[in-house]
Amino acid sequence: MKRSITRLLMAPSVILLLAWMIVPLSMTIYFSTINYNLLYPGRNNFVGWMNFEFFITDPGFWIAISNTLILLISVLVITVVLGVALSALIDKPFYGRNVVRVLLISPFFIMPTVNALIWKNMMMNPVYGIFAWISQTLGFEPIDWLSDYPLMSVIIMVSWQWLPFAILVFVTALQSQDTEQKEAAQMDGANGWHIFRYLTIPHLARPIAVVVMIETIFLLAVFAEIYVSTGGGPGYDSTNLAYLIYNQALLQYDVGVASAGGLFAVILANIVAFFLIRAVGKNLTV
Amino acid sequence: MAYLNITDLQKHYDNYHALRGINLAINEGEFIVFVGPSGCGKSTLLRTIAGLESSTGGTIELDGRDITELSSSKRDLAMVFQSYALYPHMTVAENLSFALRLAKEEQSVIDEKVKSVSASLQLDKLLERKPRELSGGQRQRVAIGRAIVRQPKVFLFDEPLSNLDAALRVQMRLELARLHKKLGTTMIYVTHDQVEAMTLADRVVILNAGQIEQVGTPLELYRSPNSRFVAEFIGTPKMNLIELDNVVRENDTLHLQLLNASIDFPVSRTHGPLPDKIIMGIRPEHMHLVETGGDLVGKVELIEHLGSEAYTHIRLSNDQTIIVKAPARTSIKDGEQVHIQVDRNEVILFNDNNRVFSVIAEDASHD
Amino acid sequence: MTLTQQRKLKTLLVGLASWTVALLLFFPIFWMFITSFKTELQAISVPPQLFFEPTFENFSIVQERSDYLKHAWNSVVTSFGATLLALIIAIPAAYSMAFFPGKKTKDILLWMLSTKMLPAVGVLVPIYILSRDYGLLDSKLGLVIIFTLMNLPIIVWMLFSYFKDLPKEILEAARMDGATPWDEMVRVVLPLSVGGIASTGLLSIVLCWNEAFWSLNLTASEAAPLTAMIASYSSPEGLFWAKLSAASTLACAPIVIFGWFCQKQLVQGLTFGAVK
């Protein structure tokens, strides 16, 4: 086919995504250099690096950065490790496997706002929550999860949401594993652990790459869970970059500073993306 | 002027020269088989003729028309693929009629053609089935039928039988031969199976490393290969290739010396200067086990009984092994010492470039 | 113990372990579901009550208080609308990249995926302002546009993986049969990838339905989909868990049930061509 037709077919997607990327981004860059507060309209003078200075010196800035990364890495580790283990567990046939699959996949369909509400209230509430009741039944003091371990609470919620995704991908991948290869290993005297370590894990390399990539895209942008459950608090303890910027923009109406923060988020994402896409890109055949 | 003319055809991939100047003239109605080891360029050549790959040099002419730059669909060719490539979402009838429907033929014409083709291929009871409900042989016939319906100038086959089991393969091979007789259309057929090549072809094209090694009728290739490559490629078991100890020229005769034997070879049956190193080629059926005398002596290592004949693997005293065809009920045992007589008329000589420099003996053409 | 008995025991243990994990992970959803049938008092009783007289009162209260049906309709319109639009835009692009790849194809694909890496907060303000200026704030059309762009890279990528997996020879056969590129796409590629397109669409619908960032920030009462409606229940004024659960159940039930039914196709889609 002619090159021109090929280009024509790709054009809508490419142009839209280019616009989606460039227009808002250049506006963000522009806003980040001016004084722009929605509460005080009309005073949009150029301020240079001031917004950036203001954002970096915000007491929450470094906490938010580290929270963002802790959240990302913790959830990745939890979902990949548990995902591999659980998918290996349900890979063998047993009674009611299909129902188990349906149960396991379900949290993926729960919207983040509902997810946060269920966990915040019915699971983690220090007085009426299920966790509190279990602690008391076992004779321990109930834990006030959201106040005492806010970031961990968010990690639990987000992991619960993304674990099904990992399990599903891995289960599908395991089904495509060569049974003859496993049987050959058995004949060679390999036990279950050997097979898992030397055959299954290498077989899962590509699916793991995909899970890490897709989850990273979504985890860097975790917002609703924090918004609904901890509100970023107490203090900045569970504030990530996304939530910090939101705070600046829509709660304090300071568009200039929020834009500067947005650029930080973009830079952080690009650093992560740079390494990730390079690592994963190799693993994905195009 | 031939029907299909290929002139200096070249195909470069990024770092790979797949076709290195192919020249080939094919006559109307011929059954041509491309054969060669994997990676020799036979499929690339076929796909370039089909227009599925673009050439990077040279021309292809069909029936007096230059088709080098035409798109596949405008070349008047039909192709049968290795995986059959049936449209899985269409019934057999829809598969057969797809090309006609694309060409916007009238429905009555389409129905007529589908009917006659399906009848001739015994597909008439399967017309409403989907490909996944067919057996391998039936799928194969649909793929062939899809090509026939279009009444192309040339049929192209890309290893069409390689996905079938052995019994079905023999049957389909016969059907293809019959089909060619009936239609009389030019066919080009790619295979790596030399039996298919020998049984089906009017002429065989042997490819090696992107070049044509030799073109000829199956018997020509078998009897007078022009290179060691062709000699080894055609024939099962392979032609024996024996390194000679020495070659002495005496007037009009070459004495081919090997161990204790000296085989006389008339100089008139050679061309060109005498090379330094000479390899003697001789097929297993052109050596005979004899009680006493003979040219060579060796020890039997292994006997393969095929029922109709037996192949004896013999180790000579200089450690070279050769294969000699023996009668089916031979009484020879492993480890036995045997005498071997070489059929002089069938000896072929190769020079140090692995090219033949001998001429086939005229009086040997009776068998 | 014989080998057969050992194997049976192993299967039993594996089954037991799997069921335990599955029930634990499913528990929060189960608890939300049954809490929605409790009275407010039963909902916060300690110890938690598993058996009680179910009431349907909460559901009617939710409908009255926050007009569930309106928000559900918003969710349906935005997720199906955006998915359809994205598929229409993505199919030609994926088709062209899968079957007529150029030297830059891989780069374009990775670039598309990298736009997905662009954090939404980074462009929240401009998008908010643009939406406001073009009257798309708190409108379904605005959300559809955003959702379409948001999911476009993933949809292109997934369709690309599907198309890439179609046997090449079938397309070559079509080409030999005289199919134009258009015929090829419409009469061969699309019918053959119905499954792939469906699972891509399903995943896109799920992602749109559960999208919260833009829904929360760009909509108010009019166009708010269910995710935003639910957030309004997070206000700390008193504990209305039963009503909260009823609202959550209503918000999640459609997509969870949808997901259960489409599980098989969705799994295919979720693996992004990483698993053959």
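A, B and C are the chain letters, set down in written order, and residue numbers restart from 1 in every chain.
Here is the rule we use: a contact is a pair of C-beta atoms (placed from the backbone, for glycine too) under 8 Å apart; a residue touches a chain by one contact, two chains touch by 3 or more.
Computed from a predicted model, the values in this text were never measured in an experiment.
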item: Most remote chain, CA-based centroid, reference being subunit A; value: B
item: Closest chain to the centre of mass proxy, which here is the mean CA position; value: C
item: More contacts between chains, A-C or B-C; value: A-C
item: Euclidean distance of C-alpha centroids - subunit A vs subunit B, Å; value: 59
item: Centre distance in Å when subunit B and subunit C are each reduced to the mean of their C-alpha atoms; value: 56
item: Euclidean distance of C-alpha centroids - subunit A vs subunit C, Å; value: 15
item: Residue numbers of subunit A (touch at least two other chains); value: none
item: Subunit C partner contacts - residues on subunit B that touch it in the complex; value: 50, 52, 71-74, 77-79, 81-83, 85-89, 98-99, 102-103, 146, 150
item: Touching residues on subunit C, where the partner in the complex is subunit A; value: 11-12, 14-15, 17-19, 21-23, 25-26, 28-29, 31-32, 35, 44-48, 89-90, 92-93, 95-97, 100-102, 105-106, 108-110, 112-130, 149, 152-154, 156, 160, 164, 181, 206, 209-210, 212-213, 216-217, 226-228, 230-231, 233-234, 239, 241, 244-245, 248, 251-252, 255-256, 258-260, 263, 266-268, 270-276
item: Contact set on subunit A toward subunit C in their complex; value: 1, 3, 5-7, 9-10, 12-14, 16-17, 20-21, 23-25, 27-28, 31, 86, 89-90, 92-97, 99-114, 116-123, 127-128, 130, 132-133, 136-137, 160, 163-165, 168-169, 171-173, 176, 206-207, 209-210, 213-214, 216-217, 220-221, 223-224, 227-229, 241-242, 245-246, 249-250, 255, 258-259, 261-263, 265-266, 268-270, 272-273, 277, 281, 284, 286
item: Subunit B-touching residues of subunit C, taken from the complex the two chains share; value: 167, 169-170, 172-179, 183, 187-188, 191-192
